[in-house]
Amino acid sequence: MVDPVRLALVGCGRIAQVAHLPAVEKAEGVELVAVSDPSGAVARSVARRRGVAAYTDQGSVWADALVEAVIVAAPDRFHHRLATEALAAGRHVLVEKPLASTVAQAEDLVGLVDRTGLTLQVGAMKRHDQGVRYAGRFIAERLGQVRSFNAWYRIGDLRPGIEAALFPPVVAEPDVRRREAAAKADRRRYLLATHGAHVFDTVRFLLGEVASLVARHRGHDRDHVWQLLVTTAAGAVGTVTIAADVPGLPAEGIEVFGVTGAVRVDLHFPFYRRAATVHAYTDGAVVVPTLTDGDAYQRQVEAFARTVRAGGRPVPDVRDGLAAVRLIEATATAVDTGAEVAP
Amino acid sequence: MVDPVRLALVGCGRIAQVAHLPAVEKAEGVELVAVSDPSGAVARSVARRRGVAAYTDQGSVWADALVEAVIVAAPDRFHHRLATEALAAGRHVLVEKPLASTVAQAEDLVGLVDRTGLTLQVGAMKRHDQGVRYAGRFIAERLGQVRSFNAWYRIGDLRPGIEAALFPPVVAEPDVRRREAAAKADRRRYLLATHGAHVFDTVRFLLGEVASLVARHRGHDRDHVWQLLVTTAAGAVGTVTIAADVPGLPAEGIEVFGVTGAVRVDLHFPFYRRAATVHAYTDGAVVVPTLTDGDAYQRQVEAFARTVRAGGRPVPDVRDGLAAVRLIEATATAVDTGAEVAP
Amino acid sequence: MVDPVRLALVGCGRIAQVAHLPAVEKAEGVELVAVSDPSGAVARSVARRRGVAAYTDQGSVWADALVEAVIVAAPDRFHHRLATEALAAGRHVLVEKPLASTVAQAEDLVGLVDRTGLTLQVGAMKRHDQGVRYAGRFIAERLGQVRSFNAWYRIGDLRPGIEAALFPPVVAEPDVRRREAAAKADRRRYLLATHGAHVFDTVRFLLGEVASLVARHRGHDRDHVWQLLVTTAAGAVGTVTIAADVPGLPAEGIEVFGVTGAVRVDLHFPFYRRAATVHAYTDGAVVVPTLTDGDAYQRQVEAFARTVRAGGRPVPDVRDGLAAVRLIEATATAVDTGAEVAP
Amino acid sequence: MVDPVRLALVGCGRIAQVAHLPAVEKAEGVELVAVSDPSGAVARSVARRRGVAAYTDQGSVWADALVEAVIVAAPDRFHHRLATEALAAGRHVLVEKPLASTVAQAEDLVGLVDRTGLTLQVGAMKRHDQGVRYAGRFIAERLGQVRSFNAWYRIGDLRPGIEAALFPPVVAEPDVRRREAAAKADRRRYLLATHGAHVFDTVRFLLGEVASLVARHRGHDRDHVWQLLVTTAAGAVGTVTIAADVPGLPAEGIEVFGVTGAVRVDLHFPFYRRAATVHAYTDGAVVVPTLTDGDAYQRQVEAFARTVRAGGRPVPDVRDGLAAVRLIEATATAVDTGAEVAP
């Protein structure tokens, strides 16, 4: 029996409360020992319920000898600084995606991870979706050379209602909420980064590196859509759609066509805790696996704990996180220039 | 602004922890003030987390003047006794289904509710599923006279894996677990009552009273299946399937065919917190509503609170609970005798 | 290379023109040499187009030495007489379902087939649906002992529009059409026989003999519905729905649940020429075969030709046809008496 | 009652036999009076069956005073010449898509149609698919401004098996088949033209003119895939996939996202004679119309006949045909240059 990894949660906002805390409570191999949040009220409320220490500055976390590793769930613009401090303080890090706000920041973290030898895992938890992993194995083993693909990530305007049904009550301070809303004021940039981090990580996981992309964007008030034409290093051609606030239900997925097979992956809104639905075709039949282990956040933190204890490369690792940031920036550049861009 | 109904939870076992407590935490119009469980460890663990009083006998609940209403979530065989005590103590009751273990017990509760004038709502929460309600309105307004129907309730052997992904960690005492497993030793009777209570309530909600039924049963080790031929008071003929431990995913639903329309309702495992998927056909098109308010347990307790405050008939009420118990017994009798039975 | 079986078509009405003639034109192993129909105009029109002989009485068919085998596609009430005459005249017979109008007639044909040693195949062509056959193999090899099932056969009121899109132009005499409509005046009996012949043959093919059934019927003007509770000789319990003129699209299918697997078969309206869609679950995955050979009428006549040439038992044979007629009669008796009936 | 339009069929190859002849036989408002094909055997076989005149050169068609209009179903490379001759001879023309092999040829036909005032309709029959038309109305009336879309047209390697099941027997001369196969030897060009003609016509019908496109192509032996990034004149951004010989079943469709609604159209292989399946979302519900009139080829020729008799613009007309050819050429140019191209 391995000792559980003693975790602190840095940042107790919405994603922390609805995703990471329930996952950590259920996960094997981890034990929550502290939380921190700039809002004392939030930190104390969250901590009291779990019987752990509450801090209002991350320095106290680094100073807490009990803490072996941290989950960084603070807003995107703090990922780089908090991950840097945690590594510098000798802690393993599971940092929410995107890894950083710029390629330069992400590269900086690659260097730091290499120097410290610590585990840094990026919170692109869809890699741990049982269905996405099934598709990954199917592509590697049965689909043959990949020729083409189409990926889509659409945030429908019914999502808030779904969140209201799925989310536990969230403790928040109105002031903090307002400040965060302001920080997301460059909504176009925010949406591309937050959604692109997922879709690009999934594309890379299933199809390998992206060689180049062409991108078009349209903005309409608060709504934004990006359409991309993508060529992979292995020679496949595909499309990627990122749309925020289309009417209706959210939808996320990818279809991949190879020489001997094809696979379609429909990812579910993660808080349904359902593994992606996979339709894998080869040899005259579609196979639809019935995958029941659907909590990707729990699977993610359990994978993190195993890597901390056993060593090896975390999934996704700091270089995967860097690659996603490169693709986010490449998309923005491709939109601005109209040209084909290599990330 | 109405004062929230001050609730106690009587029975803190699995269904209480995975369904009622999360619902109460989110619901509008209720406030949890106490919990009770025969296991002191369980009661204290649950209570500490919510900052409420912990009792180990229900008498203390009845004695707690703060408590206005209770949710009875103890094992089935205690429903009648605990509901009776709660009503006698002047408390409104939301009692898990089935209302009671026998028709006589259920009739007893009807009398008590009538005498006390208190609210007793039965925990057949599927009535509060947004999709089931949509179907109810569609049947009443668009489908025309009902001619035939087919209902099914199948517990697939993949359900434990799904529960493991969806459920929060459950606090339990091994001794209590063993005792409850023993109490469910008459598994055939237990399965018919626990699943039948749902399917019969849904059938009655959508189609009105059942006039008669014929039933066949097959048991195979731990697995059981019932097939029913049902005639409604309004003259429709239908079938009902209740199957426990068929291979694969769980499935629950009903198809109803009328003169001018037809509707199919696919209910989801409740802990996905998804409203039933409805396909409603009439006039040359199928309509599939996109219903986002999917937490039937939360909707149930909010409806209970509104009825406690505003009066009126709870849904489902004690007579609905009695009718479900009658249908459970009628099914058992029909299997034993081979004959057509009026409930 | 085997000589094609020289076929005559006896009865050139609608089913002959839309199903059998296109099938015979495409099928391997058969050659149409003559057609007969009481309407000379219809017989000549059909024959001219195919360059074959046209007769107006079946006696001329029996007298035509070129004819080796016949397809009997006349109205149901003539099946017995025409099949009897054909066998007596030494011809192999593919007779449309139902085999005969009564059990006595069907038994009579069993005796005649046994005495003559000729091939008589019943036109329950769904046995030759690639999807139904896939399901048959899956049940035999993977599903384990069958425990329960649900079958349905619903003729939706949108079927005429679908037929108008799918059917080729049909040559008919108005007088004959009126006479046939009058012969179907006992619409309740007609519907049970014509649809029951399909569903009972499929149930027996997949699940073996039926031991007993209970049935309820409701009629509403021209519309009729039957609900059955069925026990198989092997001990499975199931339901069968036969509904004529429910609103919406037609639907036909069966779900079968066994110890180690489950299968759902959705049969398509045959003139789509699509094999049934099959979902076969076992061992953690649903398999959906992509079956492209979807013309059951063509497959049926090719199977008939192979049996005529190579010998062996046709599928379905005269005893299968008798069993279907027994189940049709048993259903009518069960409705009339309210009792459980063994076919 | 309007006199039927007296039609000749010019070119009796596969598409003529499997699509146009069955459609003409059923369609209202047309009467087949002659056929022509370079192969006398094919022309006579087809003509004999329908009791019409058989010609082996199109000059005889132009000389036949009975002929009012022609369907040009010859190979693509003859479309321009035959349509030109037919118009010059004063005949209305329904010409298979693509209208012509080059933009110059197509422009030439635009001029000729304008000068003669005759009806020229292009055989992009998907415009007459009941589902595509439903989607067109939905987009115009309910979806709001179009923001983004994704279209796909994939020919799966299971298509030959499906064709074998759906197609009637085809009369052909081996020599002609070989010659045609050779003419399609530039398979890449052939595939883009034959499939692109459909998908571009559907895109324009639903979304209006295309302003520009970027395209990437990959070829693998006989297989080819094109991925396009498309901007419409109205400002929407979208993707178009054209893939030939991916594994599995064929798939064709388009999803369109607007301000107030979204629609998905799944077109079926046309020989199923099923209207496209449409999912139209707006105002909290998906509507799926049950469309039964599924023979697009029949609907196309009936529309042609109505236009010939009543005048007005045929759908699609010669300018639609020209636009599709422009888009096919623009795609080829975009692939060759890597640049964004305006058609």
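We just call them A, B, C and D in the order they show up, numbering each chain from 1.
We take it that contacts are C-beta pairs under 8 Å (C-beta built on N, C-alpha and C of every residue); 3 or more make two chains touch, one makes a residue touch a chain.
Quantities reported herein were computed from a predicted structural model and do not represent experimental measurements.
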Chain separated most widely from chain A, comparing mean CA positions: C
Chain pair, B-D or B-C, that carries the greater number of C-beta contacts: B-C
Separation of chain B from chain C, taking each centre as the mean of its C-alpha atoms, in whole Å: 44
Between chain B and chain A, distance of the C-alpha-averaged centres to the nearest whole Å: 37
Distance between chain centroids, defined by C-alpha means - chain B, chain D (Å): 56
Where chain B touches two or more other chains, by residue: 158, 248-249, 281, 284, 286, 290
List of chain C residues in touch with chain A within their complex: 279, 281, 284-290
Contacting residues of chain C [partner chain D, same complex]: 22, 25-26, 49, 158, 161-162, 164-166, 168-169, 248-249, 272-274, 290, 292-295, 298
Residue numbers on chain B that touch chain C, as the complex places them: 145, 147-148, 150, 152, 154, 158, 214, 216-218, 220, 223, 225, 227-229, 231, 235-239, 241, 243, 246-249, 257-262, 281-282, 284, 286, 338, 340
